[in-house]
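Look for chain A in each of the two complexes below; its partner is chain B in the first and chain C in the second.
== the complex of A and B ==
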């Protein structure tokens, strides 16, 4: 049996209006999705830019913070006191909130470049050994970055080892989100 | 009306409702975007300012103008101590010790940093101001030389940079007419007396008296101790007692934290197996005093003596073959 739907002119008019409205809304939603996609992208890129800027400033100023900077008879010098570096990790653990405010989401490392005898991360066992500082060459002083996509910034620094009263050349490394 | 024809009235109502919904949506969207844009911009400016101040730490005493290129309304230690923000933005945490008016308007910020040593380098103090703030240092015959030699002499390490436009005035020359005139010209007016004040504070006029290591904040009727000249300058620049107290507490917290670090460094330097048999007992005692004791009016002199002893004990270590000075 054949069924035929008969629509009145009024029904067709209403359906037309609803269709137009639906199409307009669909276009608007698509536009909004694209707009927000670009907007979120620009916010993320601004965030990265600020993060990079912060990392650059941190790298330039890090060797001047009192927690790391050398001083002799209270006169500060342009070098990193490796005696402080050994204890700094404990200070970070004890007052993490303060140092997260200070350094943010980054990793901070120091690497001994010259003269170096052995490679590897320095710990308390290396430190108490008679071969220190020749028995290791890396100090991770702050870790708060888990992502693998990271920008690595570094600058040469002078390292002072009070235990042997000698200066060596090192590299201060700041890793930040990319 | 004929059956099967949509009434024009119904069409108009439908169009008005649909149009209103779409218009409302766009209005909300634009408003929301404006709001988010302003907040992002505020965070951008606040972060950039924080980075600018961070880069200052390299210097032990320097000053500069930071120009934003457009008008901003900066809030320091607003509600929460240790924060800075723009009017439309969230507070961002800053670890800096900042002494300034709570609100600074304009496109230009005057900044000065001074390192605080007690006796080792603890932190940098930041003193901030703008064109709309004025400070008068009020002296009498007894304090005139101190004010001039400390804050205005070219050779003084505490000379306040000329960009701040700090003025000195004799108490006898200070009167209500001058103050009324200043209040008409400036948003923030502060009188810092190095003698007994001869005027009363009000909502717009800030009055502080600095006398014998004590800063009295007359607007709040509170007082606190001054550990060194750096804090004295902090009392000059801070808006009120709370702002000063915020910087003071942050500094003492840093002093304790650095004392712990040096105590720990001393432990690491004492390794008999390596022939390092230095006696750090005296210096340990001095550092422990800082860690366990908060400075008060009652123990201020002992606190200052501890600084002198700490410095002497540290310097004495230098001459010893098996020793290394701590700082």
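== the complex of A and C ==
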């Protein structure tokens, strides 16, 4: 016995429309998934970009804050006074809320790159020694970043040592979260 | 409207969409490049400022900055070197090699309208240049990648 399905023109039209709708919905869903992924990705990259921009601005402005900038008889110069750096660490400890508000979640360091004699972190003992600044080369001036995923931004900077009246070349380093 | 005409319109719409996507992509990629160039230029400018202020010779008091040494250099011996030009070259080379990892550089001093000193060699295409204008000379640092 043979069964023959006879579809009318209207039924074929309806099936065709349903198939087109299904395909359009599938394409829309795929598009939405891609858009969502792209959107999340772009928000994350924007977040990273803004973090890095903030760190760049900090990097450019740090050497001109009065707590660190060189000044000779009230005339400021484009360098970091390493005498002020030692006391700046104490200032950060004493008024942490103010500096956390100013610098945020970052680490700020200074590294002596030329001429450099010995390596190591500088503290008050190194500072009071006769060999200073030849006895160490790293100053951690602000620590407020614990994560290991971090972006490191740096720029060369002129360092002034008031005890010996020397100018050396250093690198100002800002670490920010990724 | 004939079927062929509808197909043509569809094709034109798709082509226009592709062109818009390409323009947006190109614009975004250009923006990223310009930011990186600005950052690198600041770095070169800071290094040039630090080199000019550097006081590398501790034997002569009061200490001379490298800018002072360049000002007063007339091929005389200076700080253990037989010629002050060699001393300046040595200091610039040491400072630049301590600051750059992969980049090459060229440092030029122009004094009295002529090249007084040139050290380093720029290899590569992308260049960041900064010039320090001092009262008696001009120092130019060029960095290549």
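Please note the rule applied: the second predicted complex is superposed on the first by the 132 of 178 C-alpha atoms of A that agree within 3 Å, B and C clash if a C-alpha of one lies under 4 Å from a C-alpha of the other, contacts with A are read in each partner's own complex, and residues count from 1 in each chain.
Simple rule for what comes next: a contact is a pair of C-beta atoms (placed from the backbone, for glycine too) under 8 Å apart; a residue touches a chain by one contact, two chains touch by 3 or more.
These figures come from a predicted structure and were not determined experimentally.
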item	value
Which of chain B and chain C A:166 touches, first, second, both or neither	second
Touching partner for A:156 - first (chain B), second (chain C), both, neither	second
Chain touching more of chain A, residue-wise (chain B, chain C)	B
First (chain B), second (chain C), both or neither touched by A:105	neither
Touched partner set for A:60, first chain B, second chain C, both or neither	both
Partner chain in contact with A:140 - chain B first, chain C second, else both or neither	neither
Common ground on chain A, meaning residues reached by chain C in one complex and by chain B in the other	60, 165
Complex contact set, residues of chain A against chain C	56, 60, 78-79, 113-116, 155-160, 164-171
Residues of chain B touching chain A in the complex	3-6, 11, 14, 18, 22, 25, 29, 40, 44, 47-48, 51, 54-55, 57-58, 60, 93-95, 117, 119-123, 254, 257-258, 260-261, 264-265, 267-269, 271, 273-274, 276, 311, 314-315, 318, 324-325, 327
Residue numbers on chain C that touch chain A, as the complex places them	39, 42-43, 46-47, 49-51, 53-56, 58, 62-63, 65, 94-95, 98-99
Contact set on chain A toward chain B in their complex	8-11, 13-14, 17, 21, 24, 28, 32, 43, 46, 50, 53-54, 57-58, 60-61, 64-67, 69, 71-74, 76, 81, 83-84, 86-88, 90-91, 94-95, 98, 101-102, 127-128, 130, 162-163, 165
